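In the part that follows, the structures are each spelled out as structure tokens.
The same subunit A turns up in both complexes below, where it pairs with subunit B and then with subunit C.
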Partner chain A sequence: MDILQVSGIALTGAVLAVVLKYKKPPLAMLLSIFVGVTIFLLVLGKIGSIIDILRQISYRAEISSFYLGLLLKIIGIAYIADFIAQVCRDADQGAIAVKVELAAKVMVLMLAVPIVVAVLQALLRLIP
Partner chain B sequence: MGANVDLIFKIAGIGILVAVAHMILKNSGKEDYGFAVTLTGIALVLIMVIQMLGTLFDQVKSVFKLF
Partner chain C sequence: MELLRGLVQTVVIIVVMAVFMEMILPGGDMRRYVKMVMGLLIIVAVLQAAAGIIDKGLAQDIPQVAVPEAGPGVVPLEDILAAGNELSEINREQARQKYAEGLAKQVMSLARLNSSLQVADARVVLDEQSNKISSITIVVHAAAAGRQDDEGSGTAVNIRPVTVDVQGGGREPAGAPGAAPTPAERKAARTMAEILADFYNLPAGQVEVVFR
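So, the complex of A and B:
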């Protein structure tokens, strides 16, 4: 019944943030970050166990653990960047949010380069 | 878990207290003190939020093996 916990935290946080926004908008923003982090931390443990299962499956399917690790890294970057970009957007700083997303895209692309190279090498091997 | 919810209420309490203090100081003609109180409150909460954010990043790093 963790979803009840999450909804309780979210509702409490939302009401308190609205009350604060009336007088002190910066504190309301910090409160909403805090609520977001709390919920994220609650979910993160479960994500960890799902990833463990994925690892076992990939081990059985004999997929190189290098590629799975890369994929997980990309997901982690996307999670963090999305979280921060949403916070910036909530604070009406859309420009900063777009820059964070751009940085995340560049970093993901950089991580993905080895996979692209591997695909190209496989293609080259097919060409006699 | 319980500590986190406590912290949410703590932040909201600091916010309301700062708002009230600001109002009182403004009414008694001490605008500058009101600004200082606001700044202190924001700094306090910012420290708490940044510590929490640090925990979150550490956890994400260890879950997704981002080193």
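So, the complex of A and C:
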């Protein structure tokens, strides 16, 4: 099962990181990044099927695929920013983590503009 | 009743999708932002579904076509298609003209930023196939700058500079009928043409300045 693989990788990585933390702290950090990326890549393949289901549901709900694509992009940005910010925090770089989060927020808001415009248009269309 | 059923069905699907999507949202500080965008998307979806029922006229802009098979007064399909094509061609030509006019205005206002030249007109020629800019012609009053200078210095008599053309044999240079630009004007015109060519990403030869 995949969850056993993920758990095994995470557990091994955690033990190694604890050992390395006292001997060579930079290596421990690199190891944690490596483990994080590996787990992320392992589950990346499964995200495709979730997106397919979401596309089918949005098609039935008559939601434009453009908006769904935007939302998925936003979720992706949020995940990546969260991941990187966490890595930065692990490396005691809280300031950089905050900047990454700020950049992600700006990007999310920028991508949200077409949806805000669509809400406005729909509201204006309802007004007689 | 059927419409209401459709609306309820759509809303139920949207709600299910929203719950499903909320599960895949990231944790932490970013969650609030993504949730906000997702909320907006749900509002759009619900409003679109509602607008389709409340405002039926807007949702169905195109009326249904009922063409009789044959009979008196029925125009053949080929004629309708030919007329449609003709209309489409006219519309395209008008759109091209408007585009060219808009571009010409833009070019003129850009050219007028250069105060050393008195720009009279700007013409933009578009390519027939690609609708890209084929050439830009700017018409400039040649004596304007000289006149301004004269007025500024308080000279009473306005004398046009005499140009001795040894090689031309009295022939006017192409694109400059009756023009007598000063070297300063020529330089300013060249600079302006280069700037405009850069601005519209054109080769320098496609921007022409004509003195009148």
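Just so we're on the same page, the second predicted complex is superposed on the first by the 127 of 128 C-alpha atoms of A that agree within 3 Å, B and C clash if a C-alpha of one lies under 4 Å from a C-alpha of the other, contacts with A are read in each partner's own complex, and residues count from 1 in each chain.
Just so we're on the same page, a contact is a pair of C-beta atoms (placed from the backbone, for glycine too) under 8 Å apart; a residue touches a chain by one contact, two chains touch by 3 or more.
Model, not experiment: these values are computed from the prediction.
Chemist: State whether A:27 touches subunit B only (first), subunit C only (second), both chains, or neither.
Modeler: first
Chemist: Which partner chains sit in contact with A:79 here, subunit B, subunit C, both or neither? Use first/second/both/neither.
Modeler: In the superposed model, A:79 contacts both subunit B and subunit C.
Chemist: Considering only the touch criterion stated at the top, classify A:19 as touching first (subunit B), second (subunit C), both, or neither.
Modeler: Only subunit B; A:19 stays clear of subunit C.
Chemist: Which partner chains sit in contact with A:122 here, subunit B, subunit C, both or neither? Use first/second/both/neither.
Modeler: second
Chemist: In the superposed arrangement, which partner chain does A:93 touch: subunit B (first), subunit C (second), both, or neither?
Modeler: In the superposed model, A:93 contacts neither subunit B nor subunit C.
Chemist: What is the contact status of A:61 with respect to subunit B (first) and subunit C (second): first, second, both, or neither?
Modeler: A:61 sits against subunit C, while subunit B stays out of touch.
Chemist: Go through the superposed model and pick first if A:9 touches only subunit B, second if only subunit C, both, or neither.
Modeler: first
Chemist: So, does A:40 touch the first partner subunit B, the second partner subunit C, both, or neither?
Modeler: In the superposed model, A:40 contacts subunit B only, not subunit C.
Chemist: Once the two structures are fitted together, what part of subunit A is touched by subunit B and by subunit C alike?
Modeler: Common to the two interfaces on subunit A: residues 75, 79.
Chemist: Using the touch definition from the top, list the residues of subunit A that touch subunit B in their complex.
Modeler: The contact residues of subunit A facing subunit B are 5, 9, 12-13, 16-17, 19-20, 23-24, 26-28, 30-31, 33-35, 37-38, 40-42, 44, 47-48, 51, 69, 72-73, 75-77, 79-80.
Chemist: Which bits of subunit C are touching subunit A when the two form their complex?
Modeler: These residues of subunit C touch subunit A: 10, 13-14, 16-17, 20-21, 24-31, 33-34, 36-38, 40-41, 43-45, 47-51, 54-55, 58.
Chemist: Within their complex, state which residues of subunit A touch subunit C.
Modeler: That would be residues 50, 53-54, 57-58, 60-63, 67-68, 70-71, 74-75, 78-79, 81-82, 85, 101, 104-105, 108-109, 111-112, 115-116, 118-119, 122-123, 125-126 of subunit A.
Chemist: Could you please specify the touching residues of subunit B with respect to subunit A in the complex?
Modeler: 1, 4-5, 7-9, 11-12, 14-16, 18-19, 22-23, 38, 41-42, 45-46, 48-49, 52-53, 55-57, 59-61, 63-66
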